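We just call them A, B and C in the order they show up, numbering each chain from 1.
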Amino acid sequence: MKELIAIVMAAVLVNNYVLAQFLGICPFLGVSKKLDQAAGMSVAVIFVMLLATAVTYPIQYFVLNPNGLGYLQTIVFILVIAALVQLVEIILKKYIPALHASLGVYLPLITTNCAVLGVCISNVDNYLTATGGFGGGFVQAMFNSLGSGLGFLLAMVLFSGVRSRVDKCKCPECFKGMPITLISAAIVSVSFMGFAGIVENLLG
Amino acid sequence: MEPITIVIAVVVVGIIGLLCAVMLTIASKFMAVEVDERIPMVRECLPGANCGACGFAGCDGYAAALVEDPDLAVNLCVPGGATAADSIGKVLGRAAGDVAKQVAEVRCSGTCEATSVKMDYKGLESCAAAKLLFGGTGKCVYGCIGLGDCAQVCPVGAIHINGGLARVDASVCIGCGLCAKTCPNHVIAIRPADAHMVVDCNSHQKGAGTRRSCSAGCIGCRLCEKNCHTGAITVTDNLASIDYAKCDGCGKCIEVCKAGCLVALNITKAEVVNN
Amino acid sequence: MKNNKLNILTNGIIKENPILVLILGTCPFLAVTTQASNAIGMGAAVTFVLLCSNVMISLLRKVISDKVRIPCYIVVIASFVTLVQMIVKAYFKSLDDALGLYLPLIVVNCIILGRAEMFANKNGALDSALDAIGMGVGYTLAMLAMASIREIFGAGTWFGIALPVLSENNISIMTMAPGGFAIFGILIAIINKASNGKAIKKKDFSCEGCPSAAACNGQNCAEKREAAAK
């Protein structure tokens, strides 16, 4: 139990997917202008990350590795993720239209996004050979995905707050728009560096 | 390398691809959402500002509601105006009513000459935030705070802040009402574009109090009410208000108003008596 | 004709530099540019994948149906990325360790899918190849510039060679995450200043370059909504 909490905390705070690992920068900088968009996008990302891990991890474990087809990982993963997200969109549109209206727009945007593929590949790299066989590794992988998604949510929501303030300020002409946004992101990233060591010291 | 490894690889990827394709095809057939094709057609007629003036959640919401409800008025889109109403009417085969063009009005005359600030405000540059601090930066707590929340939310950029007072450019304004919803003091009201005059004051303070806060504010003296021959302008709770339907644009109220908070817009010249 | 070919080639290097002008593919740009040698390696890998996939997609453009074109492009690109992964793992082990996760993530790099969408599926094989080389070279040069700045000031070395004064007085935050964001912002600001705001037309991270634009129909674009409202 403790390792699982440690995994989630590490993914949210210390190895934050956006601010420390630079995955998912495009939606981070693109959709974080408004708080409701940022929140919607992040929830969609958490959802897709969990779903993608749930499907790709078993595929790697049961189909690719036993047959010595590890090198097909990239192709198979991206195919499966793309098809899965498309399927989820169709199901949502039919059965939960309200959810589709709020989240559905972001789903195509996250399909070809490094955050999702990144989390799937890193799960496979880190947890496939973990103790506990398939079950133990799978649970750890799912918690890692949850943590990464929550870290994305935290970064997006915080940054949208920062951006709304930055937009109201005066800055030099050549810095307007993207440069000042990036520099704000740099400062937010520095603040997250303060979390280094928190997991080891809190959870022993 | 044996050919069997190549074959296994190709077969595995092929099967996974095929499974995905089959799954998606089945899903798109069985879980297809029936979309009435008139909805996109109606949606095309709407401007796409997603302002909410029609009362629905964006243009998509109004388009869907129009197709579903045969009795819904087609002229609810203010930004789209008569053109939108006509084209919707053509698509759905219904009669388009008249769309009265509306614009926003900032009901405040508190320029720098008329009033002043009561504090040196150094907080967040937002009217909503300033309002939380003793009712706002100006001496009059009912008036325009002038920090531009309305200008920011305006989808067409019709609002500009001049000297701490917001002003709407009626030629650009589409009458969507977002500014009126955003203003924390409810200073902005939506009026007909062809109104003859407006009451540019929002203060319910008694006459003496208003005088202290702003020289251009309505003191509730009722001179306008007494001089109006149609009964269009009335004073309620120390503030004059105009019934646009009854006003015929004679301009008498503007002549007699001592404070100067009544503004002429389309006064018919023949009836204004020169002083 | 020859001028045209030269134009296509140099387009990607200066006028439409994928990173600094089109602002695509930012994730690896920020992550991998901690050392100049990594930047060259990543740039070479991206150029190779870009070249191969552009040519392949251009050759197949008449055959692939429009409805399934995005998944097809992704599969083609993924195959070449796998190829590159295998070559790097076999012959350049240190590069493989340095690039880590970002090597397989080339497959979702917006530049590759973006160029396939915007150029390769409309032009012949030779033009697509030239465009790919141009874009790849532009990308590599931009990455080299960024990595050099970060490595020289952040670690005091360049391509691993320690520099006299700087290696004792290095600003190590430059090689870390915040440094990446900040230097990128400053680079764009410099380009804005040098071209008087004319070079970078993209004012925000909106849909234009994003390959998913076809799928989401620009519903996220505040710009499109504002343009429609006017």
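Rule of thumb we're sticking to: a residue touches a chain if its C-beta (ideal position, glycine included) is under 8 Å from a C-beta of that chain, and two chains touch if they have at least 3 such contacts.
Computed from a prediction, not measured in an experiment: that's the story for all the values here.
Student: From the Cα centroids, identify the chain that ends up most central relative to all protein Cα atoms.
Tutor: Chain nearest the overall C-alpha centroid, as shown: A.
Student: If I average the CA coordinates per chain, which chain comes out farthest from chain B?
Tutor: Farthest chain from chain B, going by C-alpha centroids: C.
Student: Cα centroid separation between chain A and chain B, in whole Å?
Tutor: Roughly 38 Å separates the two chain centres.
Student: In whole angstrom, what separates the CA-based centres of chain A and chain C?
Tutor: Centre-to-centre distance between chain A and chain C: 21 Å.
Student: Determine the centre-to-centre distance between chain B and chain C, using the mean Cα coordinates as centres, and give it in whole Å.
Tutor: About 43 Å separates the centre of chain B from that of chain C.
Student: Give the residues of chain B that touch two or more other chains, as numbers and ranges in rising order.
Tutor: 17
Student: Where does chain A touch two or more other chains at once, residue-wise?
Tutor: As it turns out, chain A has residues touching two or more other chains at 72, 75, 79, 83.
Student: Can you list the chain C residues in contact with two or more other chains?
Tutor: In chain C, 75 touch at least two other chains.
Student: Going by the contact rule set out above, which residues of chain A touch chain B in the complex?
Tutor: For this pair, the touching residues of chain A are 59, 63-64, 67-69, 72, 75-76, 79-80, 83, 86-87, 90-91, 93-95, 97, 168.
Student: Within the complex, which stretch of chain C touches chain A?
Tutor: So the residues of chain C touching chain A come out as 23, 26-28, 30-31, 70-71, 74-75, 78-79, 81-82, 85-86, 101, 104-105, 107-110, 113, 173, 176-182, 184-186, 188-190, 192-193, 197, 200, 202-206, 210-212, 215-216, 219-220, 222.
Student: Within their complex, state which residues of chain B touch chain A.
Tutor: Interface residues on chain B, with respect to chain A: 5, 8-9, 12-13, 16-17, 20-21, 23-24, 27-28, 31-33, 124-126.
Student: Would you pull the chain A residues touching chain C in the complex into a rising list?
Tutor: 19-26, 29-31, 33, 37, 71-75, 78-79, 82-83, 105-106, 108-109, 111-114, 117-118, 121-122, 125, 172-175, 177-183, 185-187, 189-190, 192-193
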